[in-house]
Amino acid sequence: MTIFRQCLAALFCCLATLASAQSFEELVAQLPEGKFAERAAVVAQLGALGDPRAVPVLEVLLEGNLHVLKSNEAIVAVREVGSDDVAYDALTGEEFGIIPRRGSSKIRVNNGLRRDIRAAIGTLTLRAPDPALRLAAADAAFRAPNPDQLELLQSVRSDESDSEVAEALDYAIAATVLESDLPDEAQVAAIDTLREMGNQDALSVLTPLLQATNPVMAAAAKDAVAAIEANQRLWNMAQNVWFGLSLGSVLLLAAIGLAITFGVMGVINMAHGELVMLGAYTTFAVQEVIRASFPGLFDWSLLIAAPLAFLIAGGVGVAIERGCVRFLYGRPLETLLATWGISLILQQTVRSIFGPNNREVGNPSWMSGAFDIGQMTITYNRLWILLFSLAVFAILLFVMKKTSMGLRMRAVTQNRAMAANMGIRTGWVDALTFGLGAGIAGLAGVALSQIDNVSPNLGQSYIVDSFMVVVFGGAGNLWGTLAAAFSLGIANKFLEPWTGAVLAKILVLVFIILFIQKRPRGLFAVKGRAVEN
Amino acid sequence: MSIQLSLDGVNRSFDGFKAINDLSLTVEKGELRAIIGPNGAGKTTMMDIITGKTRPDEGEVLWNQTVDLTRTDEAGSARLGIGRKFQKPTVFETHTVEDNIALSLKDDRSVWATLFDRKTAEQEARISEVLELVKLDGDRARLAADLSHGQKQWLEIGMLLAQDPELLLVDEPAAGMTDAETMRTAELLRDIAGQHTVIVVEHDMEFVRALDCRVTVLHQGHVLAEGSLDHVSANEQVIEVYLGR
Amino acid sequence: MGLIDRRMGIFLTGLFILTVAVPAGNLWMEGQPVPSYIVSLLGKYLCYALLAVALDLVWGFTGILSLGHGAFFALGGYAMGMHLMREIGDRGVYANPELPDFMVFLNYQELPWFWYGFDQFWFACLMVLLVPGALAFVFGWFAFRSRVTGVYLSIITQAMTYALMLAFFRNEMGFGGNNGLTDFKDVLGFDLQSDSTRAGLFVLSAIALAGGLLLARAITTSKLGQVLVCIRDAEDRTRFLGYRVEGYKLFVWVVSAMMAGVAGALYTPQVGIINPGEFSPANSIEIVIWVALGGRGTLVGAAIGAIIVAAAKTLLTGWFPEIWLFALGALFIFVTIFMPKGVLGVIEGALAKRPKPQPDGKEAEV
């Protein structure tokens, strides 16, 4: 079969050289003639001709939409518009108008021919002026290696100036060499090139070679596959770590406000999740206003939403503290119940205003897209969220440890009566501390709106997680919260491939439950007598 | 006379701070012993270690020269016969005075036994006896929460007596009591010593003098001096760190 | 201090009257003054009341605030639901005599091992007690021994029910995934749709509630009950008196879980479905507000609180669905700040202040 195909190809090459005088238009006109074999020859010549106008024609042919009109034998592209067939000139794209159902006959293609067409398109685009197009063509040549193209590829490679395209061409050449009957040394060299490539694609080319009858090739392939697989395991691990860090940053954002209200003040704020939700809805509202009135500012929407969300959630937090929590200091279980009540009210308020359904919050342009490092993909929104969470953490740490406000906050939460005697206005400090925790929850909401559904239930889905993080890290210890968020995130992502997402989550929960039994005060416990009673 | 309790080379530190430092101490059966020392000397921590609330980092704590107290928990040490009064009076506030005593009576402490427990006439008699001793028989139906600070102290002493322990650890019993009451407490403790072993921690020197017993001075988790009150009061170091000149 | 004090007496009398009147009004009286759906609805309330009593036992008396009692309730409900599924036999949509419909739908080839035995009613009843009991035992064993208390304990009970919810949502668990168990036909040969079966279940629920109340009352008035209160008020002191606190906690915790399981088992046939939503943390917290509203540590109050809130929920979600969460949220805040002793505390306080309390104040059966 291959021999037959190679003979044919050789034949057509001769034909092509013979007919080299033929122009692009003439070749296109020949397309309807003859059987699939003749058509393949014409396609090959079109490819060799190097006229970029051939690309759209071949594409239409590939789709099976290239027709020849019975009336004037013109070659046309036929598209369905409504229930009519409309013909366009294949060369110029000019509209011929509606044609009757049987007014044209289709130029047929089969699977073999489709392959040839793709190869021809590939050849044409390999020399396209746009490097992105050339890159795609090189990739295509890699995926469908055709020994006949080897020379073409090599000549293109020697002219190529873009390093990325050149690399892709190297891989394409290697893959093509492996399909050819070149001597062993060349083949082994090609295997080595693919080993450098080192990804899933290389693996899919190399794996079949493990069964090669030629022992030299089989051995080389085996080495290469082993090396690539080891390499991939590494990258996989790196990717998992990245996913874990990303999940960890989400957990950190969700938990960090709670680390203030619960960890530092000891207030069980069950409405914490709803404060996050308020932040997310603030983002939504800001974007709505921008969409309606200042579309040009869309990329700034998050930067505008962040301070607003901080103020709104923080304001609601201060209101919660003054209106409710302050009557319940020293009664943690009652606080838990009352703030749960608040969470229900906030949820229903948002549901009444914005409706029960998910709201669409858009990504600004700098938050969309992704880039690759080696074999892992990093999306911009996840990256920004990670950076954002670390920034929020750093600022918070600074506020708590280095400012006089932070000192007062810690004084009040540790000994209310004593702090009051020293002239600190404890009520005011309580309100501000709680407001700070709440405001940070609002900031978290801005970030989370970028990756999660914004619905009235948003908060509920984070509340258990964030408590787990704070408790696991050790209440009262900000660094503990950081460590807990990232270690739980990474643990979760490493479990996922084995267990699936839900089971991984369950296992992590069970682990935390068991962990708290062993160390009730968490990873980094605040030690001393005070916490024991 | 045989040895009731012995501590040997006990150490315990909290975050690098040595609260108990190579502490050795022996108390004989039936002895009354007073422990004094400045704030933070480790007196309460020592009691925590004896009762199993705190585990020592190293050292030996023996009960009757046989049982290793570093391995028992609080309930275990109580069941062995160690009763304890806390520095800060703790009674069961939502129970009546009478029930507080009843719950402390020496009895089977297992879950099943308490579930099907009925008060016997003998126990009733014992409750009245204890209440009379601590002068709370007029308040037996009141909630413990309603008692004054001093009364709570007495109630807790009553609970301790109701337990009928072999060893009583009494942490600052006189705090919050009038002078007369303080003296009565000292008298009471002197009375029960003999049948029971008693270790008292107190800062009130009048009280310690009234106890008229062997005194151990603790300083920085270590025994500084031991002997009669007159003997230790004459000690230069004790005067330096605790009594003052 | 007797087993049946005044409030218990009044409540049980009211409950008895209800137990006679409701089935009578539904089955035998002219014109059916009590419609059938009301019978099941009231039966459901009684199950909730039993659940509230179970929670009061651990929270009101022992100070353990469980935010996961819904899990025990749901497990009891699932145990009974599994029996009801097996009772369907080949009357399901797929007419498979061995496998419940959802298993056929999910391509199960054979019955998972943990479904064995549930075709027997007695076995299911045993599991209604044993499964919640065993979970409570294992959980409590670890938690109480390592002295996790207060808020931390509450948070891990919440994590427990949350983890179970996630697990039961999975189809692979073999409990019907997010649809849960439903389409029940009959129990012990009685058609679940018939009025007489519904009335029977209602009476059973009332008996279970009365039984649960009396059992809880017996426990709390015993010396063990006093020790529980000691633990609530001064856990350390209790230890130094020689009581092994963890043993006591474990005992009530397991008893309470089993009670919750029974409540769930009676709930499932009356409601006709049990699904993973019952495990949601929100449900479990709602139980706490029933107890707080009725009066923590009063048992009867817990039952009354459950019935009040459940009835309010039915009425409000029917009339103005928007309002319900506002009302529930406000209730949480109001009760914790202004009514720490609950409805029962307020009423009894008011009665005590009156110069001559009326001997038959009917306030208890609101």
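When the chains are written out, they are named A, B and C in that same order, and each has its own residue count from 1.
Just so we're on the same page, contacts are C-beta pairs under 8 Å (C-beta built on N, C-alpha and C of every residue); 3 or more make two chains touch, one makes a residue touch a chain.
Just so you know, these numbers come straight off a predicted model, no measurement behind them.
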Longest centre-to-centre distance from chain B, chain (CA-based): A
A-C compared against B-C, more contacting pairs: A-C
Innermost chain, where centres are averages of C-alpha coordinates: C
Distance from the mean Cα position of chain B to that of chain A, given in whole angstrom: 67
Separation of mean Cα positions, chain C and chain B [Å, integer]: 45
In the complex, chain A residues that touch chain C: 268, 270, 324, 327-328, 332-338, 340-345, 347-349, 351-352, 460, 463-464, 467-468, 471, 502-503, 505-506, 509-510, 512-514, 516-518, 520
Interfacial residue positions of chain C with respect to chain A in the complex: 65, 139, 142-143, 145-148, 150-152, 154-156, 158-160, 162-163, 166-167, 169-170, 281-282, 285, 288-289, 292, 322, 325-326, 328-333, 335-337, 340
Contacting residues of chain C [partner chain B, same complex]: 219, 222-224, 226-227, 229-230, 232-234, 236-245, 247-248, 251
Chain B - residues contacting chain C, complex: 51, 53, 73-75, 78-79, 83-84, 86, 90-95, 99, 102-104, 109-111, 114-117, 159, 163
